[in-house]
Amino acid sequence: MGTMRWIAGGIFLALLVLLPRELKPYGIFLMSNWVLFCVVAMGLNLTLGYAGQISIAQAGFLGVGAYTTAILTTRFGWDFWLTLPVATGLSFLLGLIVGFPALRVQHHYLAFVTLGFNILIYLVFRNEDWLTGGAFGIFDIPRPGFLGVDMRDPLSFYYLCLVFAALMFAAAWWIVRSPWGRAFAALRENPVRAASLGVDIRTYTLLAFAIGSAFAGLTGAFYASLLEFIDPYPFALEYSLSFLLMVISGGSATLIGPIVGAGMVLLLPEWLRFAKDYYLLIYALLVMVLMAFCPEGMVGLWRRMVAAIGRRRARAPTERPT
Amino acid sequence: MALRARRTLVMIEALQLLISGVSTGAIYALAAIGFVLLWQTTGTINFAQGEFVMLPSIIMLAFVLHGGLPLWVAFAVTLVVSGLLLGVAFKVLVVQPMIRHGVLPLVIATIALGIFMREGAKEFFSNEAQPFPMPVPYVVLELGGVTVTSHHLFCLAVAVVLVLALQWFLGGTRTGRSMQAVAQNAQAAEILGIDVKRMVMLTFLVNAALVTVAAILVTPVYLAKWDNGEAIGLTAFIAAIVGGFNQVRGAVLGGVLVGVLENFSAYYISTEYRTAFPLILLILVIMFRPYGLLGRPEERTV
Amino acid sequence: MSAPLLEVRGLSKSFRGIRAVSNVHFEVAKGEVLGLIGPNGSGKSTLFNCVLGQLRPDAGEVRLNGQDVTGLDPTALSRRGIGRTFQLLQVFPALSVRDNLVLAGQEHRGTMLGRLFMSPDAGQRARADELLDLFRLARLADEPAGSLSYGQQKLLDIAMAFMAEPELVLLDEPAGGVNPTMLGDVESLLRRLNEELGATFVVIEHNMSFVMGLSHRVMVLAQGQVLATGSPDEIRADQRVIEAYLGD
Amino acid sequence: MSKTRLGVALAAAVGLWSAVAGAQDTVKFASIIELSGNGAAIGTNWRDAVDMAVEEINAAGGILGKKIEIEHLDTQSNPGTSRAVLQKALDGDPYVVLGPIFSSSTRVNMALTERAGVPQIVGSEAASITQQGHPTIFRTSFGQEMGMPKLVNYLKNEIKAKKVALIWTNDEWGKGGRNTAKDLMAKAGIEVVADVSTEVQQVDFSAEVLKVVKAGADAIFAYCLEEESARFLNELRKQGYNGPLVGETTLISQKVIDLAGANANGARGHVGLTIDAPVDLLQEFGRKFEARTGRKSDHNGIKGYIAVYLAKEATERMGKFDRDGFAKALRGAVVTTKDEPGVLMDLRIDETGDVDRESFLVEVVDGKQQVVKVLPPVGDWKK
């Protein structure tokens, strides 16, 4: 199983590297968008999947990072790379603040507080023209320089996004298998018991939000650069719901779930284009069916299939009459 | 003297805002009550509640425009259709298969359901806003400088009657008390011999009726359109939580409070942030009185 | 006699005017096993929760090794060396058996940030395996805790309380729901921990033979007050105790 | 299997593959337009009118003998998506891009057509679009910088307003119009006594209307989307306001009249394009559109229709399909209805791609648009 997993991972990575070479700019754009959204979903997966804290503000955090980079590069002439620590730091801080209510309330209350925060962040983006350009947005956000490669070339920038996503995947993997990951799981499964074992649940709760938010904020910097333009709309509530959908439909609390989920949410509408006007209808229906029959998401579905095949194999010899 | 005149003017303005706010808030309250009832009995957080108000308005209008029915007949027919679609079908096809998986999958499913209803209304009815007839003859009254319309008064009257009737039903009838019992503790209710399944179904039907009434009240002002649910749904959540998630009275207070707060903050503070103030109220309430202004603390489980 | 390990003075707690625990004094010496018994609703669990920081007492103080620890939260108490189990079984079902133990130990050493960069087992593996052997759970180490039998989970629950080498462990009904065969295992394990490793316990239990067999001293609570304290034999013979159990 | 073929197969499998360029006897037009989201209603008019123009041209033999092949791509009313789908359209190598209407979408995606050197004829009205120096951008309706001065002049000279209350929809279109209007009013010596924003999908307008009404203005200037205009008008009449009320097309369009009924009476608006204008070709277009779709076209439909014919005219003037020559053929050109009846009214394209022509001041009387005044073009090219 272990080697199979490595081989599958290798093939997947090779595809990620080779496939875009054959695509036209739109395909490359879509894939760049996908790898970036994977990171945003991974961040939410840390907060929601691993630590069990519902957050419906992920798009807002993405926006904080995107606006930070956009403002610093276009208005103050900062280098893209220098804006990264600021974008990460600000979103981390905001994640801490949004996490505070989680120390008092859980479940649907937490969902609504975070949802409220997302709308507030959006309103600030839209209304504060002096800072964010308001509804008009910010134009001509530069692509980063990197070893003299022209990042305006979609393929080069895609590879940069891919490397970034791979690093973030490694970071998520590291966190999940570190003692922190275990503490997050304890927080999700039984915070009272965890506290009695010396787990500082307050700090871990805040960290779960802050790290998830920082993943989104850092990605925001690349997202702004990918689009070369940002306005408030991609950071509205409905996109936070999309990220939630990515994590749940892919498979929460698994490392590859968010990758699968982000792929589904971004690419499914593309596949359904043949359905023209009806594609959103079909899409919504598919999501409901998935939730009804496989709430653990695609990864859960896959595991169930593997288990079923395993059972059938194990049973097969006894079923065959001799 | 001038000061006094100014003061009167300020009073009139405030009164004007209050009356509009209360009448809009009363409509939010109806949607919020249904939302709370669903949460109580089944733990469903219905992210499609706003679309649940939009759809009956579209159906009603379709009966009026294409079926040639008078509005009140269309309303009666829509009440039945809503009961079947938003009550029975919603419970059987969406909530029932998913509730055992926990809250999150159902949240996602209702979000998807909301999209489904929006797109359906757009594709099969109209992608443009449509005017909607007034349920009562439209008269504008001027009372000491404050304008009130017959529709305002109608909204208020309907909401008050409906809420009182609901309170009486829940507190004063056997069926209503059974529903309350199921809402508080389904297992205990089952032991007491209450038909839990029937009560849950009844809750869904009550919700369907409430949103249909909300639809006939809000749409004449708001116009009938496929994406109307977004704003109404969000406000209903806020109202429900602000008032108290486990109380019908709370949802009423929440709805009215949010309606009034929106108007006052838009007039006196900022129109650009008009949607922010109810949210700030929401966050404050959750932080400092998580069970809502009128709600009771839920049992703590260790 | 040296200062007691745990010292509780005048502890009281009311809920909406009803006194659940009223002016309770007791001490636990190092190496001692104190049994805590009493009828349902006598305030045993409330007393436990006050001592362990789950509830805030209205009055009184709790001292550990002579230091005032009243009102500290459960995390802080755990880090100061008090382990506990809960009345209802509380393990982390999705984590492996070994991870349950590692979790129980990992927060007691090093810094928060340091733990992010530590090896995944946080240097706790050896200690965890030691306890797995002791509790005869070694062959299940990599199974998810949720897949264990009830009795095995109960053992794991107790093992977790011991993971961080606490000075004092409060066990809330360790025998509750455990089948008779397993019960002997639990009892002998706890005795071994006490006799060979010098562990100190406070045990709430309804199973009289279990608690009487294990404890050095037994304290009886009734209606929130200490009714009697003494050796198991003295308590068995105490008329007031018998009345308290049979009375209402 | 070679690397390339593997890639192609996989790409096709993942559904990212764009159609290969069409056959030789067709020319490809791409329309990037709002078909879902809150721009769906206006985008649908555009799409239907564009389809109508394409069918007419194809039925008459196409452009220089080539049939037009049109593809509509949905921006979902979202700037990010509009950029993505325009990228997708450009991968298919279109001759010309039509749309979008939302200014924010245009502003995001126009850099792509500039880079690709593809002409783009948009339906957006934000002033900034033609001020960015994009060499091949065009529009078929007035930008805010062309329409707004006509309106402010009207406020100043005809209504003689000294104080004006502004109400506008809080999105990039509404705010852009409000900013332009505010600047022009300051120059014209008109004081803005109330400056009130409204939200898309707002339910209760009482606070906003109260603000506007109590401001003591000589006139109200409303720059809201159509549905918001209707809700605003209903509340405004409820609160008893009967003074001068002026706006853009979105205040007095047929849609608003349908929604607000008698409450729309008395509102005046500046209209660049309307099927009710006293212009035969416009009225004929309106009849054809209604026969085809069962709906009345708004100005967005007319914009799309003219866009297709403008591309045809440019190409026929060049006598060949040449993207680089496209701008040269149109910029500074006067196109009359004698040259090409499909442009519906005589017009002139200026050096930035903006359009200039006559427009109308319309008042709603008894639920009908009535042209009160024909406003001459800004430039004097007509005579």
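Lettered A, B, C and D in written order, each chain numbered from 1.
As a convention for this text, a contact is a pair of C-beta atoms (placed from the backbone, for glycine too) under 8 Å apart; a residue touches a chain by one contact, two chains touch by 3 or more.
Keep in mind that this is a model prediction, so the values were computed, not measured.
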Shortest chain-hopping distance from chain A out to chain C: 1
Chain occupying the middle, per Cα centroid: A
Remotest chain, chain C as reference, centres from CA atoms: D
Chain centre separation (chain A, chain B; CA means) in Å: 33
Chain A-chain D separation of Cα centroids, rounded to whole Å: 36
Approximate Å spacing (C-alpha centroids) for the pair chain C, chain D: 75
Contacts with two or more other chains, residues of chain D listed in rising order: 36, 170
Residues of chain C whose C-beta touches two or more other chains: 54, 86
Sites on chain A at which at least two other chains make contact: 127, 192, 277, 280
Residues of chain A touching chain B in the complex: 54, 101, 104-105, 107-109, 111-113, 115-117, 119-120, 123, 127, 192, 241, 244-245, 248-249, 252, 277-278, 280-281, 283-285, 287-288, 291-293, 295
Footprint of chain C on chain A - complex, ascending: 175, 177-183, 185-186, 189-190, 192-201, 203
Residue ranges of chain D in contact with chain B within the complex: 36, 38, 40-41, 44, 170, 196-199, 201-204, 206-208, 210-211, 214, 226-227, 230-231, 234, 238-240, 255, 258-261
Residues of chain B defined as touching chain D within the complex: 13, 16-17, 20-21, 24, 119, 122, 127-131, 140, 142, 147, 149, 218, 221-223, 225, 227-228, 230-232, 235, 259, 262-264, 266-267, 271-272, 274-275
Partner chain A, residues of chain C touching it in the complex: 52, 54, 73-75, 78-79, 83-84, 86, 90-95, 99, 102-104, 106-108, 112, 115-118, 120, 122, 160, 163-164
